[in-house]
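Pasting the structures in now, so scroll down.
After this come two complexes, each holding chain A, first together with chain B and then together with chain C.
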Partner chain A sequence: MKEKTAIQELIKGIWDENPVLVQLLGLCPTLAVTSSAENGLAMGLAATFVLLCSSFLVSMFRKMIPGQVRIAAYIVIIATFVTIADRFLAAFVPDISKSLGPFIPLIIVNCMILGRQEAFASKNGIGRSLLDAMGMGLGFTITLLVLSSIREILGSGTLFGMRVMWESFAEWGVMTQAPGAFITLGCLIAGANWINARRKA
Partner chain B sequence: MNLLVIFIGAALINNFVLQQFLGICPFVGVSKKVDSSFSMGMATTFVMVIAAMVTWLIYNLILVPFDLQILQYVAFILVIASLVQFVEMFIKKVSKPLYDALGIFLPLITTNCAILGLALTAVLKEYNFMETLIYGVGAGIGFTLALVIMAGIREELELVDVPKSFQGAAITMIIAGSLALAFMGFAGII
Partner chain C sequence: MNSTAKIIIVLTLITVISGGVLAVLDTYTKPRIEAYQNQLKKEAVSEVLPDNVKVETLEKNNLTYYKATKNNKVVAYAFQVSGGGYQSELVVMVGVTADFSEIIAAKIISQVETPGLGTKIEKDPSNKEHPTWFMDQFKGLKINPAITYVKNAKPSKDTEVQAITGATISSAAIVDILNKQIKAAKAIIGE
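Moving on to the complex of A and B:
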């Protein structure tokens, strides 16, 4: 495999290796918090922050962490940054922090973040790992934003709390609940598959 | 009575997988065959119940008295990770057949967010020890139920002509959506 340029490293996470649509990682928060665009965005940014910081630390210490305990070490690093992100959200945007509930602490076991540490940050230098984390975080945030926008527009007729649908639009209540999350994500994944198949052809 | 309500609530009404979106990764990854998904469900239930008890003890006997709740996340995930390792060694020693049956599923459970989610929700809801225990059992059984139903459907799915773009994860998500719709019907039980 030939070496990727810096810019390729950054943008691969947005589409080609999109963590949600292609790698199917980090699905739990993706489904759970995307009932409104605001929550989706907050979740995406929080996860990106944690991913960036942990990738930085893991790639910095990659030669010092012994192989046998590396997973435990990664998890402790991630958990520390998640605690910081959690306190930050609780202090500055208490409403969002409340509606995200246990899903902020659950970033710890988000397989996307642990996966990037194991697959990338532990093998590459700091600069490259930061680019990779940035790209993956962006891809995650954008996907969450798209998914939550669709669900909020159809489910409550609003976007970021502002009315976007016409007055007599009957909200599809189910979109804000569990089934809507699964079905919308299923359609998005299918859409990504379809576009990729067309691009290759 | 209260315990029964907690049990049914965790297993059906607020089913961990289909209503609370916890443990989606194994739900998508391991739900291809009915028997392996049953083993996975049982292993998860087992760890869930033990983890629920241990994290309850740690939280209420160590973190609260010393006013260290801020360390909650770090402490919980460390406990769960070492617990999984310990359970693995224990089962290997005590029952080889069970160990072989669970196979690679055991280590994977560490990163199953249903476990950490359970520990965190139990703290959030301020359950006492007994309630936490029952909550863990209910959640585990609900998880197993969802996994086995999904695996049953996916086994049949191999014979069906699914549109190309929808093959794999996409159709799994749509089916999970329909299951979640069905589980919404349990909401009126209590």
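Moving on to the complex of A and C:
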């Protein structure tokens, strides 16, 4: 396979290798916290922060970490940054921290992040790993933002807490709950596959 | 260097550095997090007590409560009650008159109920003029013999509130928590 240019490395995570829509990784937070656009955005940004910092460190020390314990080492590095993100949110934006609840600590086991360390950062230089992490993080954040916006608009009639639907609009309560997350995500993945199939044809 | 030693050294180093970083971070964030929680509690206490009173924080039998006095006369008490809702723990700050006959006001401190249904106990976006109507029903509500709730109808008694459609369990949980724990607090505070 031909070496990717820097730009290609960055944008592959947004569409071609989108962590949620194509790789189907990190679905737990994707489904659980996307009941409002604010939560979706905060989760996306927190995961991107953890991914960027972890990829940087893993890539920097990739030759020093022995192969047998690499997963354990990655988990400790990821957990450190997750805890930093969690404490930071609790101290400076407590409302968001409250509504994301246990899902920030659960970023530790988000397979998108561990997957990028194993599949990319442990085999590539710092520059490329950062581009890769940035792209994947962006792809994850954008997908979560789209998913949570659809759910908030249909489920609560609002977007970022502001009313966007007409007065008599009856909220689809199911969209704010788990089934709504599955239905919306299914539609998004189907849509992404449909577009990709048409592009190939 | 043999590989076992290398594994031990690398993993130890990583975890020690990680622990150190987090310990330093904690000294910065902890006071902020605690200050925020204390402030929330303080705001809630002053919201459920009458205006222009002197508030004293007291503790008895593991119950922290707030005594409100006006001209050296006890006019009200506030304390925190909590219990299981539909899917989360409900924590409520409640203020009652000094004789424990009437609720002055009750305010939810924390809840993680079903978004769009149970969360209406705190804020109901479908009622635009009065999103906090559910908890506001407790203002001036009589406690004895017991608080009750009705569904799909306006309350007809001075001990009655209207439950939220689609969130009966969360509504009932609030009523139940208040009924039981106000009596329990009365037994502790009422010397």
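Everything below uses one rule, namely that the second predicted complex is superposed on the first by the 201 of 201 C-alpha atoms of A that agree within 3 Å, B and C clash if a C-alpha of one lies under 4 Å from a C-alpha of the other, contacts with A are read in each partner's own complex, and residues count from 1 in each chain.
Everything below uses one rule, namely that a residue touches a chain if its C-beta (ideal position, glycine included) is under 8 Å from a C-beta of that chain, and two chains touch if they have at least 3 such contacts.
Please read all numbers here as calculations on a predicted model, not as lab measurements.
Applying the stated clash criterion after superposition on chain A shows that chain B and chain C can sit side by side.
When the two complexes are overlaid on their common chain A, residue A:A197 makes contact with chain B while staying clear of chain C. In the superposition on chain A, no contact is made by A:L145 with either chain B or chain C.
With both structures placed on the common chain, the touch criterion links A:Q68 to chain C but leaves chain B unconnected. When the two structures are aligned on the shared chain, A:S156 is found in touch with chain C, with no touch to chain B. Looking at the shared chain after the overlay, A:Q177 reaches both chain B and chain C.
Shared-chain residue A:V82: touches chain B; no touch with chain C. In the superposition on chain A, A:I11 makes contact with neither chain B nor chain C. Of the two partner chains placed by the overlay, only chain B lies in contact with A:C28; chain C stays clear of it.
For the pair chain B and chain C, the minimum alpha-carbon spacing after aligning on chain A is 7 Å.
Looking at chain A, you'll find residues 72, 76, 79-80, 83, 87, 101, 177 touch chain B in one structure and chain C in the other.
Residue ranges on chain B touching chain A, taken from their complex, read 18-25, 28, 70-74, 77-78, 81-82, 110-113, 115-117, 120-121, 124, 163-174, 176-178, 180-181, 183-184.
Contact residues of chain C toward chain A in the complex are 3, 6-7, 10-11, 14-15, 18, 21-22, 25-26, 28-29, 32-33, 36, 110, 112, 114-117, 125-126, 166. Across the complex, chain B is touched by residues 24-25, 27-29, 31-32, 71-72, 75-76, 79-80, 82-83, 86-87, 101-102, 105-106, 108-111, 114, 174, 177-183, 185-187, 189-191, 193-194, 197 of chain A. Contacts from chain A toward chain C in the complex involve residues 35-36, 64-66, 68-69, 72-73, 76-77, 79-80, 83-84, 87-88, 90-92, 94, 98-99, 101, 155-158, 171, 173, 176-177.
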